[in-house]
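Look at the two complexes coming up: chain A is in both, with chain B in one and chain C in the other.
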Partner chain A sequence: MTALTRRDLLRGVALVGVGSAAGAAAVHAHGDDTVWQIDPELCGQCGRCATHCVHPESAVKAVHVHALCGHCDLCTAFFEPDSKLDTGAENQLCPTGAIRRRFIEDPYFSYEIDEQLCIGCAKCVKGCAMFGNGSMFLQIRHDRCNNCNACSIADACPAHAIRRVPASTPYLLKSAH
Partner chain B sequence: MRRSLLPAVCLSWLLAGVAWGDERVPPPEFESGYRMPETTVPSPRAFALEMLDIGALFLALTLATWLVLKKRSRTGVAWLGVASLAYFGFYREGCVCPVGATQNVVLALFDSSYAVPIGVVAFFVLPLAFALFAGRSFCSGVCPLGAIQDVVLLRPVALPDWLERALRVLAYVYLGLAVYFAALGAAFVICRYDPFVGFFRLTGGYDMLVLGGCLLAIGAFVGRPYCRFLCPYGVLLDLTGRLSRWRVTVTPASCVQCRLCEESCPYGAINVPSPLRPAPERARAGRRLVVLFLLLPVIVGLFAFLFHLAGRPLSRVHPTVDLAICATAERGLSDKEASDEVQAWRRTGETLPDLVARGEVLQASFLRGGWWLGGWVGLVVALLLIGLATLPVRTDYEADRGRCLSCARCFEYCPTEHERRKALREEAP
Partner chain C sequence: MNDEVRTPAPPDRHLLGRWTPWIGVLVFAALCGAIFTASSATRRDREPADLDQAFVYDVARFRVIPPEMIGYRETLHVETGLEHATAVAVGPADEIVAGGDRRVVVFSSEGTRRHAVPLPDLPLCLALSATGDLFVGLRSVVLKGPLAGPLERWLTIPGEKARLTSMAVDRESLFVADAGARVIWHFALDGRRLGRIGDRDPERNVPGFVVPSPYFDVLLASDGLLRIVDPGRHQITAFTRDGDLELSWGQASYALEGFVGCCNPSHLALLPDGRFVTSEKGIARVKVYDANGRFVTAVVGPDGLDTEAGPCDVAVDSTGRILVLDPGRGLIRIFEPKPRRDRDD
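This part shows the complex of A and B:
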């Protein structure tokens, strides 16, 4: 048997130190992971989501909860203000033409977002919140998000609308009452 | 018609007072049997895969330790490094890593409302636990940040001892700052200024790519500059590595003082035998040490005070403090002219005095924390001076327990090692 050296003692102390630090940190921990998400109630539609993601194509996209949508003919999320009501590109609010407008039945239209084209600029979200039901809003899409330890959009968000949520409830969707 | 309905709805909404969001236009009941599409919700990365990452980390650490301490194989460690670079670096895109996980653990310790994921705690603890027993095997074969610098190393130059020691202080200061900002909930600076994550993601901010590119360019000549002089987690690994149970030794048996390994370490981690010094020089060094030990509290106090003063400007890193300052400055501006931050804050309805009060509470904790941060920096500077003034007593060439990155390069230079390998080859049938 070898004698206990000073290094052995210090190692024991360090082990206890590291262990208790981790333990104390883990007191409030949960087995669940956390992911980043935008609180649509706080979002101010500033447009930074489109440009501040670490990915060239932002992980933030506009989503549409159709059950909340008024299905209006004059949709302020779709048309430029004071534009003619035809679907020409110059009349559309969306810079990439990512919103598909389709006639359902008189006088209702559906508006679907093509996620491939959406850049997360929140122009439609702003339009929808201004006069509509707020059925379009931004969400972080978790199939695109890297879940960086420090979300660079969250750092840039002026409204502090992006927070960590449990991975088991990864979306903050608005719901119909 | 809906079209003509809208202005009326808007008017009634304006008259009724603003109700945010919901159902100004009641969603219709469809008669044509139209079914509304569901909002898709793609799920995040599966929890099991996160566990797999921890398993991969554990496996890589075990493998690295075995390759360095038992197998003594540079080739093995180098390939493991490349594999880790591919998996933890390019595939997992550098997140989460133990270096950044330090901040999550610190935040969890100081902010009880923050729940740190267990996986992140595991990433923080595992390499430190390994370092306590087997040295910095994490740095050699597991860390993607280390591996990317290791592969660009071209022609290492040795730095003078004083410069090497002085630059190392930067890492201690960086660790102090990272803990300071994480504890106060201001920012995760390690992640924000991660120089290589842009390469792992194959995209990134211009400034970060330039910084990373510069570090890699320097890294062609000065081995692993980030690991040695900046990495905050490296400081923790250095401190725990010094206590390690088993260690990297240049020679597998005994040192024959052949000096062949002297310049083998690209990271300046091999301590050379100290020359015998004349008695007057030793006496002078002794006196210098006494003076420095007496000065230690003064240096610590001075830095503590300086960083206490710096607490005020540093507090602007915290978004709330910055918002309070901006909101005060933009008091007279209309909503249109105000910055996005102030506009967003005005929508919350909080009054300016309330916000300023919140900012001041935070600022006070930055000033208080400044004493601790400065104390830490002062202690590190004082110990640097003491280290420079100490005359080492060493008889063999040995890898420094704390600074050795376990890269296994020096083994090849040792003649005793070659004898061992020869014996192994002869043993094998």
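This part shows the complex of A and C:
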């Protein structure tokens, strides 16, 4: 068995260092060019976005595309199933009261997300997708996201719905068409 | 003579030594990769969302229909061969007609495939006249022709938002439901437009249809009135041909007797005895109501239907069989009343 010379050792360490630096540089460049985002067509509303983000308050929030919304009186994203149609807290679906309902004209209402209160649990998203047009869905908000190299929510997502997208188009929004 | 004694060459220390660090790095990287892969592969199953029940959307209890409330049983199913089945209708001789992909497929009443008629686009709704003319609604165009084909472009519905969802035809008129405009278009069979029904008009006590999603059904009943679903109000309305609102019934409820969710029913059909068949989306339920809107029985519930691909269109033949399109499986499922001895009522 041959002994490892000091020169070999130093060369190996140097190579590892160079490799690591190159890798880090590549990751850094990758991070600058792309960001994590949820594909709303794949999202299964499992609730893990609320619990698996490295932030104590998830970077994932519900968003609402008003052009897709039916503006229903009986909004299944707003009301608990089989509850009374009044806006008492006990009838509201969102456990944090993050959805604001506003009368437009009979019988239409608008619904808005209060991001300060939303935790990204997807409960409203599921209600909207099951009965409505799917106008509410989850997105990673980039003013909150660290853009980690390995996204812990993406790792936990059973639907593989989180992927990197170009930073120039950082949101995957549904459209009315 | 060369007396130099040759000794065996020593192992190439230099070569071995040069690769040793690389081998170490590779082994280390492989180990890390294996651990990470194993960890992430199991993590999805191992770590569900740790959310309190208050954060979970749960409607499982509404998906259960007691067996004694189901008065029908499946007696036949027809494989349409369509990947994206969208509509079902019945012909004058009880032919079963399925629409989807870019074609209409025609079967005998017993499910034997007869022929297919190609289409230029995805059909969204079908109607058949008593004389055997087939009407196919695309997004904003109505095609017309004999059931054997070919079909010709017959009408274009005005408006950029036109979205055809249902049609009803008799000897004089074709009524076309347009979810985009939220009206029923009335055409003579020579193609002349005769009017539109359902525009909001407080003076005529017509509140306007609420159509949040593209499911908006119309049929012609034997009493001469149109029956039009107002899905956002969870009601079936009766209109004259001239657009007067005569009556309505139906209420929102997760209970079996009502219509569930934001906007239902999605589809409507009429039994020969004047009772109505409704189909709901979200929690898929097909049910029968009497002519006055009183709940009679369930036909099939959410456990029996695959609605991932969309809601279930319904149709009825002259013998009272109920045809339910099961889009997830590409099937037309045919239900008949249970024999009295099998019913608990």
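The rule is short, and it goes like this: the second predicted complex is superposed on the first by the 145 of 177 C-alpha atoms of A that agree within 3 Å, B and C clash if a C-alpha of one lies under 4 Å from a C-alpha of the other, contacts with A are read in each partner's own complex, and residues count from 1 in each chain.
Simple rule for what comes next: a contact is a pair of C-beta atoms (placed from the backbone, for glycine too) under 8 Å apart; a residue touches a chain by one contact, two chains touch by 3 or more.
In this text the structure is predicted, and so the values were computed from the model without any measurement.
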Contacts of A:N149 with chain B and chain C, given as first, second, both or neither: first
Partner chain(s) touched by A:P158 [first = chain B, second = chain C, both, neither]: both
Partner chain in contact with A:G127 - chain B first, chain C second, else both or neither: second
First, second, both or neither for A:L117, with chain B first and chain C second: neither
Touched partner set for A:C46, first chain B, second chain C, both or neither: both
Comparison of chain B and chain C by chain A residues contacted: B
First, second, both or neither for A:P107, with chain B first and chain C second: both
Partner chain(s) touched by A:H71 [first = chain B, second = chain C, both, neither]: both
Intersection of chain A interface sets (partners chain B, chain C): 8, 11, 15, 19, 46, 48, 69-74, 107-108, 131-133, 155, 158
For the chain C and chain A complex, residues of the former touching the latter: 11, 13, 16-18, 20-22, 24-25, 40, 43-45, 47-52, 54-59, 62, 210-213, 232-234, 252-255, 260-264, 281-283
Complex contact set, residues of chain A against chain C: 2-5, 8-9, 11-13, 15-16, 19, 45-48, 50-52, 69-76, 81-82, 93, 95, 107-108, 119, 121-123, 126-127, 130-133, 155-158
Residue ranges of chain A touching chain B (in the complex, touch as defined): 7-8, 10-11, 14-15, 18-19, 21-22, 24-26, 28-35, 41-42, 44, 46, 48, 54-56, 63-74, 85, 104-105, 107-108, 110, 112, 129, 131-134, 141-150, 152, 155, 158-161, 167, 170-171, 173-174, 176-177
Chain A contact footprint on chain B (complex, rising order): 1-3, 5-6, 9-10, 20-28, 30-32, 34, 36-45, 47, 50, 93, 95-96, 100-101, 103-105, 108-109, 112-121, 124-125, 128-129, 132-133, 187-188, 191-192, 197, 201, 203-204, 239-240, 243-245, 319, 339-341, 343-345, 347
